[in-house]
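One chain, chain A, appears in both complexes that follow, with chain B as partner in the first and chain C in the second.
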Partner chain A sequence: MHKTKILLAGLSLLALTSAASAVDVRISGWGGAEVALVNGLITDVLAEDLKAADINVVYEPVDGDFSQFITNALSAGTAPDLFYTDIFWSRAAFGTGKVEPTTADTSPFAPNLIDAFTYDGKVMALPKDFNTLALQYNKDIFDDAGVAYPTDDETWATLQDKLVAIHAKLPDVNGLCVVPDYARFAAFALGSGWEPFNAEGKTVLDGNFKRAFAWYTGLVPAGAAVAAADVGEGWTGGCFTKELTAVAVEGAWIIGGIRDGAPNLNWGTARIPKDPESGQAGNLIFTVGWTVNADSAVKDAAQKVAELLTSEKAQQWVLEQGLALPSRSALVDNPWLQGDTPEQTVNRVVFAGLSDGNVEPFFFGDLGGAWMEPINTALNSVLTGEADVDTALAAAQAKFDGMAAQKQ
Partner chain B sequence: MNQRQRDHVVGYLFVLPFLISLGTFFLYAAVRTLIFSFTDYNLFNTPAFIGLSNYVAMLRDSMFTLALSNTLAFSLIVTVSQTILALLLAVMVNGVIKARGFWRTVFYLPSIMSSAAMTLIFLWLFQRQGLMTELVQFVVNARWYIAAFLAIFLAIQLALVFNARRRYDGVSLADPVFATVALGGAIVATYLLRLGALLPVYDEQFLISWLNTQARVLFLPQTLWSVALMNVFTTVPTLMLLFLAGLQSIPVALYEAAELDGAGRVRQFLYVTVPSLTPVTFAVVTLGIIGTLQMFDQVAILGDAAPLQSRITLAFYIYANAFPEGAASRIGMSSAAAILLGVLTLIIVYLQRALGISDKVDR
Partner chain C sequence: MTDTTLTTAMPAAALRQRLPPEALRRRQFFALGWTYLVIIGVATVMLGTFLVAFVASLKVDPLERPFRLAFDQVNPLAWVAAADLGRQGAGDPWWGGFAPGGRIVFSATYTAAPGTEIVPPDASVPRRRPGSGVAAALTKYYAIDYALLTETGSADGEMSVTDPATGASEIWPTRTFTYEIAFDPAKAEGGPWIERTPLDLSAPTGQQLVASTLNPTRFERRGRVASWDNITPGALGLVFNNYRRVITETADLQTGNSLFAGWMWNSLLIAVGRVAMTLVVASLAGYALARLKFHGAALIFGLVLFSMTIPAQVTFISNYLIFRDLGLLNTPWAVITVLVVGSHVLLMKQFFETFPKEIEEAAMVDGASRLGILTRIVLPNAMPAVIVNAIMAFQAAWNDFFWPLVLITSPPSALTVQVGLLSLRRSYGGAQGDWGLVLAGAFVSIIPVLVLFILFQRYIVSNQVSEGVK
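Moving on, here comes the complex of A and B:
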């Protein structure tokens, strides 16, 4: 009895000392599907490594607007030691001066992603995953209409022909749902050779842009597409999973929508079609990285956690769950990615999107999301029939000129 | 300490909790906002004094002038229409009618919903192919039947009311119980007309952009007209309750005296009810002005469902500067706009008093 007591006391003392020596690192990201992913990494895949590094990870996911949360938390000094940074608002976060550059070796990561997170010559976030846009198609609809599936060598014109043929054959089905959103339209605008910012940092909606704009908005009158809002949907994937359209323009995130909305859908993925004139395709890079809080008391441990969370072992696991695409270049040869299921195909094509002709990260300097507003409004006014292409583009150009004037 | 001093201390103790919260969350916050409005501040730098630059930049910002005009127009339209509707509803519910409790509850229902939930429901109703569009299509296509329905309804209602008035006093023209009977009668009669296919039905298909449009109607974007409709729908019931309380405090003797002087129901309403309700009207109009000038949640929830320029209000402008999407906070600009909104609210409430809607009964 006495011995047991001593043994117990000794054991609990041991437990206390080991718990006391482990460093607590608070990490935070957004909620939703990400919670299962991060939990899986810290409690399962990386549990041993974290224990070996004497680090105890405290995971605090945040529901709601994460960029607002992190802005407030950083300014109030209550931010977690390590947190997600979305490329979209990354400049606002990096500009606070509250962010520590990464100490990890960045060479194994895809160079596009590292460039996207480079600020003032320093890499401020370790990319954890990424996405690009691709063309998803419903095989059954193409079969029913007797039209050949889209290929990786499609151009805007050949795709349009296929979509028109489908709608002609199956009047209840539209080709594509178009949305007045630069986050999708950019795949075509960039393909035309247009650049969002010219050498002087100004946005000029040139002839290339107009060609892409006229083609994209012209899909509806041509009978190749319908405005998503007109069929009660908010995104091209929504129309796709409800089989209202034959194709969608989305990233690998569409897997989640299909799993929830149409688990038996028979679908495939092709690359974004090319502009017949420039011969190139465009694409956007959406990526999220882990950023260390410069005010953290446990910066070194936080850097270590960031490295572990983006390690090959972690990314391999995430990839095989079909949850996100790895940011490490070496994983492109992963055998899982060579498979033929729709999930594997979409991931492979999204990976390839990283090397499309004109690919840009999804951020717009100091202007943030406000930069997209003139383009989105122009798309919207043409899609709703309130303006013609020239009027809409002139109004958008005037807004960009106004922004440039305000900046000076 | 004598009794008087002790009373003083106790008095202060009672108001202390309120003073603390007022001091912290209003006075301190307001003073800081005022200071920030003269600085260049993004939450992370040291605020640098830049004088009136934020105000100048704001006045030059076309989005700000748009937000200001949208806010003023929205406030005017919603305040006027919700006050008039609330008063009419209150008088109706207050009248000599059957099942008053039931109607009061029915009319109050829209107010118990959260505005977030209400906005989502309206978003769905206002889709281009949504229920509102279908409703308009229905009205257009079935116009002959609707006209017939209304005519039958009116005929039955008037017949019932005038019949009842031969026996009772004060039967309202809009008596809800008779209206229910008339409604039933009109539905049956119209259905019979339809069965016999006696009137033409059209088949016109069209889409209406209720929210997602840059069109302007009069001096307000069409989107904000839709939001105004939703706003009136949700706030009228609460204001109706205020008017109802006011109505019940008007002495019956006043109406009796007016009746002896030969005043009809309309004159009684205009010369007894409306003047006696001035303090309530003041409260209702003031609440309306403040609520509409600061309207934010409904346009925020609209989000990408409508173009920014069609939905921006001053309160949203303040928010959009404090937390711009994907860009650094502009707290200085945001504070300047907030100060301006505060001053504007004070001026308008003052103007309203100066223009005759006061908090005193003028008999």
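Moving on, here comes the complex of A and C:
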């Protein structure tokens, strides 16, 4: 009995000393393809650096609605010390005052990404990577149909012709799966020269927008596309990996879907096609950063982990996994990006998407995702045949006007 | 007028007597027929969707169009082939795998139009990296690093092919290629057990795969590549692959252990805790409202009824803040104590009111206290009501998603199974990916409720008190 007590006391002492020597930092991001990346970074690439800094990282990936998780956890006081922030909903997190500005040197990062995370003059998150949209195409389908592969100089009209030709030759294949989602449609809407917010900060669905909208929704009746929901899919990549469509409009994240669903797919990537009238292509920048929890008991250690996770070494490794592009400007000339595998090509094209004519971050100020809703509803109502283009756009414009009025 | 009044006022028995026996029988027959049809209709709709979902949960791609009812996972011949391959790969006909000493013989038969030469397909064991989820993080061993693939021979044959357009039959040549995939003897010592042995066979477009030891998981590149995710699945590994993945792909990244069992355990703990609290509160309150005369009883009963009309969302924020201030967030206690017992109190009260007062009075004469009467006499005789309450409370607690979602956020091992199921979503760029995994997880999660119903269903229909009074 006495011996057991001594043993127990010894053990608890041991536990105390080991707890005191390494600081536990809880970090959290979303699931999907990210799990392997972050886990690889902390258990492999950065293991030595973390050990040297005396930090033990506890990684908790969250599948599901991450923004809801983090809002909940921040208000409960149970949020992780360091977590992902998507610029898309970043204002909701930054506005709570529960977020600590970064202490890292932000100069090596791409300035447009740093701008996206600047709130009240302070940089609230260290951008970890970014993505843009590109046009992925199935080489076998184009070969079988005898149609030339899409090029980087494609216009909406030439792409549509190719897709129509494919569907005519191979009736079981459609050109593209269209989705009623601004996150994909924006590549065309922005290409038309339309801007989401005009000089007065209002959203006006002008003639340019209408041109893009009519073209995008017109792809289905033209025989160049099918609505994703009509073939039982939720994203353009789902149709693409099942070889139901010849092309997809996605970012580099499509690689995860291809590895799981069609590991032998013979595919390539081209730039987003241009609007024949404006002569420009549009694109969206998706980016995610690491944010430190202001209520964290180990803020300094969390800042250190954020720096390590976005260090050049970490980003080089992430880049070579082929799933996301580095946020550090120095890595843009990386030799890996010049390779010819489909995964290297999609990353190179996604990177080039940054210099498309009209590029906007996937971010809508304080309105957050609610801003997209009128456009998504309009797309959906036209794609399902409930309304024509003019009626749908008039309804969307009315909603935007309502939002602007509410704001004032 | 008099007639109608008479008819409606007449007891049903009297009316029945006035009908000729044949008409009565006919009426009964039709009534029975209609009831039967309605029940079958409801059962078909309920059970039909259930069955389709279950069948889909076995598939590699539950979203496949058109929806097939005949596929390898429900084909006994494929089970036998899979068991045999599993035995060859790792000596395990049930769960298969690829392990040191494994030697798999695999054959594939191709055909092509007469005059076209059938060339050996390009065979390889590919490196299949999982694209997402915990599997992508934890997969360490790949069959490609340990497998030696050799073509061991080929045999010519022929088959009859019917032209779908003309209906004419033609004899086409076939060639069967046999491969041996062996675990590299040089790496056998201490070599790992590998769950999946993928295989790709690429052939020119004019050449079609018509038979193979195990059907390919899918054709890729518009028929050019026959692709197997795992040629050593074992019988159970083939049929219940999604179910196995539910366990293996919900692993804790630090320890590599599956979290799923822990989630089931957490759910069980919370459900049992809630059932216990519900029963205690509902029987005490129900008994008090049924038997004790005190001021404000009607008001309290009214409040209990009123509480049933308030949606959980209304009290959500205040409850949440209370739990936060009590420091109960992220503990099972928060979810156990979020109770809404209004309907349970009502049920118990109604039941206690039907309990013969005389028995209680007799006990009182014998010197029993109120609590003694409740615990020793009334409750043991109220088992049907208690069990119905328990089942309803268990089911509600087990299926509860809202409260566990907001009250328990971390660590991942503390979640309940319903919230844990969320992590089975494999998303690429915000889109749902893996429905097979979600469906399989959902089916595993309903097992406890099903077992509970099967075990206790007789209590729901029987009533000991009514039997005792007979």
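The working rule: the second predicted complex is superposed on the first by the 387 of 408 C-alpha atoms of A that agree within 3 Å, B and C clash if a C-alpha of one lies under 4 Å from a C-alpha of the other, contacts with A are read in each partner's own complex, and residues count from 1 in each chain.
Operating definition for what follows: a residue touches a chain if its C-beta (ideal position, glycine included) is under 8 Å from a C-beta of that chain, and two chains touch if they have at least 3 such contacts.
Since the model is a prediction, treat every value here as computed from it, not as a measurement.
Asker: Clash or fit: chain B and chain C on chain A?
Answerer: Superposition check on chain A flags a clash between chain B and chain C.
Asker: Using the touch definition from the top, say if A:Ala302 reaches chain B (first), chain C (second), both or neither.
Answerer: neither
Asker: When the two structures are overlaid on chain A, which partner does A:Asp63 contact: first (chain B), second (chain C), both, or neither?
Answerer: second
Asker: Could you say whether A:Gly31 touches chain B, chain C, both of them, or neither, answering first, second, both or neither?
Answerer: The second partner, chain C, only.
Asker: By residue count, is chain A touched more by chain B or by chain C?
Answerer: C
Asker: Name the contact category of A:Ile272: first (chain B only), second (chain C only), both, or neither.
Answerer: Touch status of A:Ile272: no partner.
Asker: In the overlay, answer first, second, both or neither for which of chain B and chain C A:Leu379 touches.
Answerer: neither
Asker: Please work out whether A:Gly40 is in contact with chain B alone, chain C alone, both, or neither, and reply first, second, both or neither.
Answerer: In the superposed model, A:Gly40 contacts chain C only, not chain B.
Asker: Looking at the overlay, what does A:Gly232 touch: chain B (first), chain C (second), both, or neither?
Answerer: Touch status of A:Gly232: both partners.
Asker: Would you check which partner chain A:Trp89 touches, where first means chain B only, second means chain C only, and both and neither mean what they say?
Answerer: Only chain B; A:Trp89 stays clear of chain C.
Asker: Contacts for A:Ala187 in the overlay, against chain B (first) and chain C (second): which applies, first, second, both or neither?
Answerer: A:Ala187 contacts neither chain B nor chain C.
Asker: Could you tell me which of 79-87, 259-267 or 349-357 in chain B overlaps chain C after superposing the two complexes on chain A?
Answerer: After superposing on chain A, the stretch of chain B hitting chain C is 259-267.
Asker: Could you tell me which stretches of chain A are touched by chain B in one complex and by chain C in the other?
Answerer: 72, 75, 231-232, 234
Asker: Going by the contact rule set out above, which residues of chain A touch chain C in the complex?
Answerer: Contact set of chain A toward chain C: 26, 28, 30-33, 35-36, 39-40, 58-64, 69, 72-73, 75-78, 80, 140-141, 144, 183, 231-235, 237-238, 242-243, 250-251, 253-266.
Asker: Tell me, which parts of chain B touch chain A in their complex?
Answerer: 42-44, 57, 60-62, 127-130, 207, 209, 212-215, 304, 307-309, 323-329
Asker: Per the contact definition, I'd like the list of chain C residues that touch chain A in the complex.
Answerer: Going through chain C, the ones touching chain A are 61, 63, 65, 126, 128-134, 136-138, 198, 200, 202, 218, 220-222, 224-225, 227, 253-254, 320, 324, 329-330, 406, 409-412, 422-434.
Asker: Report the residues of chain A in contact with chain B in the complex, numbered from low to high.
Answerer: 65, 67-68, 71-72, 74-75, 88-89, 91-92, 95-98, 181, 229-232, 234, 363-364, 366-370, 373, 376-377, 380-381, 384, 386-387, 402, 406
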